Amino acid sequence: MRLLVVNPNTNRDMTAQIGRIARECAGYGTEVVALSPEAGPLSIECHADEAVAAAHTLELLAQPDYRGFDAYVIACFGDPALFAAREMLTGPVIGIAEAAFHVATMIATRFSIVTSLQRTSIMSEELLVRYGFALRCRRVRAVDLPVAEIAGDHAASGQAIAAECRRARDEDQIGAIVLGCAGMAHLADEITTSLGLPVIDGVAAGVRLAEALVGGGWKTSKFGDFAAPPTRQGTGP
Amino acid sequence: MRLLVVNPNTNRDMTAQIGRIARECAGYGTEVVALSPEAGPLSIECHADEAVAAAHTLELLAQPDYRGFDAYVIACFGDPALFAAREMLTGPVIGIAEAAFHVATMIATRFSIVTSLQRTSIMSEELLVRYGFALRCRRVRAVDLPVAEIAGDHAASGQAIAAECRRARDEDQIGAIVLGCAGMAHLADEITTSLGLPVIDGVAAGVRLAEALVGGGWKTSKFGDFAAPPTRQGTGP
Amino acid sequence: MRLLVVNPNTNRDMTAQIGRIARECAGYGTEVVALSPEAGPLSIECHADEAVAAAHTLELLAQPDYRGFDAYVIACFGDPALFAAREMLTGPVIGIAEAAFHVATMIATRFSIVTSLQRTSIMSEELLVRYGFALRCRRVRAVDLPVAEIAGDHAASGQAIAAECRRARDEDQIGAIVLGCAGMAHLADEITTSLGLPVIDGVAAGVRLAEALVGGGWKTSKFGDFAAPPTRQGTGP
Amino acid sequence: MRLLVVNPNTNRDMTAQIGRIARECAGYGTEVVALSPEAGPLSIECHADEAVAAAHTLELLAQPDYRGFDAYVIACFGDPALFAAREMLTGPVIGIAEAAFHVATMIATRFSIVTSLQRTSIMSEELLVRYGFALRCRRVRAVDLPVAEIAGDHAASGQAIAAECRRARDEDQIGAIVLGCAGMAHLADEITTSLGLPVIDGVAAGVRLAEALVGGGWKTSKFGDFAAPPTRQGTGP
Amino acid sequence: MRLLVVNPNTNRDMTAQIGRIARECAGYGTEVVALSPEAGPLSIECHADEAVAAAHTLELLAQPDYRGFDAYVIACFGDPALFAAREMLTGPVIGIAEAAFHVATMIATRFSIVTSLQRTSIMSEELLVRYGFALRCRRVRAVDLPVAEIAGDHAASGQAIAAECRRARDEDQIGAIVLGCAGMAHLADEITTSLGLPVIDGVAAGVRLAEALVGGGWKTSKFGDFAAPPTRQGTGP
Amino acid sequence: MRLLVVNPNTNRDMTAQIGRIARECAGYGTEVVALSPEAGPLSIECHADEAVAAAHTLELLAQPDYRGFDAYVIACFGDPALFAAREMLTGPVIGIAEAAFHVATMIATRFSIVTSLQRTSIMSEELLVRYGFALRCRRVRAVDLPVAEIAGDHAASGQAIAAECRRARDEDQIGAIVLGCAGMAHLADEITTSLGLPVIDGVAAGVRLAEALVGGGWKTSKFGDFAAPPTRQGTGP
């Protein structure tokens, strides 16, 4: 199957990193293409970034070249443009926040999130309520480091994230941790090993769930609010 | 005070209509400017329309000319770009869905929504949950007419909306009705009179609540997640 | 417009103070009358105080002299008699707790409450659930000072309140603070300035929202449970 | 044990009827005194009735003669003054709505309420949310008959109530029905028999639960918000 | 009346202790039989223990000798097999967790739970959500001692439980404490006295509520999902 | 990978059917073993069936032969013994109700459930609340046919299920349907095709999600309440 992983920000190093991780964790026979929009924010660190990145992500997905993939992963923890992308496409579309929540709740009764910035943790809270996972998440914790620094894999940021995960494990009465930023994906295995509880990266979760949906033959519903957008004169994107 | 009312779609007749209504219902001393983005969907009738319109709305609000208004109303019932606009601006920003819910709950214990399309009623449901008004709204009803037809003020669409409001009054055990589309604003007074219960148009609600916030000196909080977006190289909009 | 602000307790100094603040924050053309019931508790510091004050407030509002106001504000943070007053009157009736919550959620995603007594904070919690704002309030904090001391504007109580607001700002991940007692109204501006985030006083919020409702022509619904009470022999108040 | 059953309205026939039922369903050794306040509404059919009756109920309970009962039942389905009465008294105080909900959820997974007036069913809904039983109640149904007519035990009103209970049984996927008015108490046994599912009267439920609390030695907590009201000059009731 | 108290674990000392307490707190005329299954876990300290104990409890209750009791109490804080037992029996069946929650909410607005093991506190949380008491419980606290040690009434475990109750009283803003293990029942009175707020043991609560239901004539509904299990070939238990 | 699919009831024809479907929908390289317990109910049609089947399912899973599978699916729509099985095993364990909810919410915003018996639909409701999917499920519908008849693949039962699914599609404002019984699994594809919206069978969903978890390296958390049961003398299963 062909899987398109979209990094909604325009940091191409991060896109490459996400693509690498997606390929590493994909199953046999999954071909991963990782892309990011031409324009938009370099990182998604506030409500406005998310709104702008959402539109650019949709623009990318609307291109004929990309419509024929078997499945799609939106690799930003705010799941920008998720419902809109589902409308435009027939293959399943998975957001990495959503994906991580699904995986976490299948292996633990309660989890915490460790994310990048304090100011964006409200977005995680809103997603938890929207999707129905609010009761299952104990706490959203932030290391308060910018996305670029995290994704750049600096030793200091990795240590800060690991330390916050340790605090989550010791204080939150949880069974699993969700990493709340696509730029943290490369840290999941190492922290899992060192802390002794599952630390879930949404990129890996999104890839594996996308494969599960394609394997099971489940496509995005085209009945109801995910039906293709109505055709009107002058309508974008 | 100077109030900027943004119609997030690009239907200029509708923008003019919204501006007219905003001016009619504004208080003494409020100067209303009604605008719509240069580009984007002609009407907002699905998730994708909303995401695209949100970005264009932000682009408009980011222009230096528009940053100095005392307050802002986003005149589309999905409240697109609301949180992002709050980040970018210091004057209060009100969405018309939110505004209508606030007004409805100050004059009735329960309300219903009468909106345009069945497929977009899910957006109203999500807003109700997000804002906290889910328990106070009995039902989201749709007349299943396109926005253009509603805003065009055709007799038939007006009658369909009035009839649905009547059913809401008679079946839903409510005290008020919220009109779920900026294009319905011109109908509120007439249906209020004919049905004998308050029928609330979000444009009027947004204008009056914006005046209240400006009058009371309350601006958008710049502490926490509505602080100005972080400055980074290459970031839009 | 003529606005009746009712202080449900019988502390006339506090009534005068509330009237003064209401007048200061009212818009041009709003005439404020501030009253309190003849009888009832001197301050509202427990469930029983609230129940007794509610009945006296209704008795006051039932007098023919007071029925003709354009709008009403009930200036006690428990919103006593709010729904009952709406039944009896046609002009809009606003409670100051409710008003502060509405304003807070239009300028911030999350807020905390700083109230007087620990024992009455449960009433704030119940209101948050009842109105639908529970998810948007992080925490109810109490300085545990009696209402009389707070309203008396002693330096010590003002400092205690400001200190608790500072803790709320620093610990609660909020964007705004709601002052949970009509007797704190005079402190809002000063604490807003010193802390750098909006500190909302319900009296001002109630006055401005009442003006908004009157301006917009929205009256209390007389359809459903806010219809005028049924006429029966021997029925009070 | 000595049990004081307060009918918060001033309909003395109804007080006598409630007393009779309370005595019939009380256990061996329980002495029932049934009282109603001197003043207040003849029936409780709206928010204002409830607020006024609450204050009169408190006034009655504050009299030295009545403070020494072992337990108290407030026999109106809105549970007026419940929390305030708990503050003022040390013996347990039970509301009949609350009592019926407790009993219903111990013998069925889901129940419906059949109450008197449509306009007061909102009060039942608010109680369900406040107490935590909202998910366990399927529907609040009203026969839309005044309380006086119901309590008067007219054949027609009894039939209307039985018919509504039958519809609840057949349509609501429930295991039990709660009668939503003290004036319906005399009908519970007969409808239980004819419909074949438990129909719960709150007066009986309140009496039996009061006995259980007294028997078990559980008194109203005097720690926290039910501690005795603070003593202040000039404070009622 | 004849009351069967089932201890779902197979620790016979604990069964005897539970029986002793049930008898002490039962009303006049209540004959208590305390039993435990022949097989199953010695204590219930995890999800698997609970599932296994549930089946053994049902097996015991299915025996003809035990079907004719007037009421039943399931004396384990996870309320194992509660809904299933209700299906099989006509007399009311009460779980001790449920019972304690009912009692706590009739005498306090908020309570905390002090339970045995950290790992089982998730079960209490799930029950609180399932029954509807989640908003009324502030916190689930665990002393992290095995059930056997608690029930054995060692001085050290009693002190640990009392100390945790004290912390709950001082930190949780509650009016009552629920003891979250049948093995703690003997401590309730002593801690109530020393801390000055009601500390509720579910065994006593279950016994008294069972008496209330029998006294009021309320049996488990046989309409809906508690109707007797369908008869099929080869079906257990 | 080796996947153990447990049918918790003892109907061996149904076990064979479930195994066949699991094999058909499994991915390349997945070896499916389908088993059912030696004893227990022939079908799971009430609370008691579920409790008994849960214990037998655990007994099966506790056998050394079955502990070494890579993953487990519990193929009954009540997800019996799910949390207990997770405690006992290290490989991921998926319930088919849970699995179907996860899949449904990744391809639609709202779904309905079509299940077998009216009396067991309460179990689906409780699972929806417990897992957090309550807001996303519109309605639980029952065809009121026994499981045996459904699994037997009689034409009449297939038609009844298809007809109920059609009603769900036309009345419930949904985008997907979840089949609420393992015995309906063989109908999913056909009804999907005839109705034009995704109809999700939990067996297929469970198999594909189990593969995703194994592929991604996520095992059941052994930190917290899913840690291996404590070792005690005399403890089952």
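Chains here go by letter, A, B, C, D, E and F, matching the order in which they are written, and residues are numbered from 1 within each.
By definition in this document, a residue touches a chain if its C-beta (ideal position, glycine included) is under 8 Å from a C-beta of that chain, and two chains touch if they have at least 3 such contacts.
Quantities reported herein were computed from a predicted structural model and do not represent experimental measurements.
One rotation lays the C-alpha atoms of chain A on chain E, and its angle is 120 degrees to the nearest 5. Here D-E and B-F are compared, and the pair linked by more C-beta contacts is D-E. Chain A and chain B have CA centres that are 30 Å apart. Averaged C-alpha coordinates give centres for chain D and chain F that are 43 Å from one another.
Separating the centre of chain A from that of chain D, both taken as means of CA atoms, is a distance of 51 Å.
In chain D, the residues that touch at least two other chains are 83, 86, 109-110, 122, 129, 135, 173, 224-226.
Within the complex formed with chain F, the residues of chain B that make contact are 118, 121-122, 129. Interface of chain D with chain F (complex): residues 109-110, 135, 173.
Put simply, chain E touches chain F in their complex at residues 10, 39-43, 45-52, 54-56, 58, 81, 83-88, 119-120, 122-123, 126, 129-130, 146, 148, 224-227, 229-230, 232-237. Chain B meets chain C in the complex at residues 25, 27-29, 83, 86, 92, 94, 98, 102-103, 105-110, 131-136, 169, 173-176, 189, 196-198, 200, 204-205, 207-209, 211-213, 215-226.
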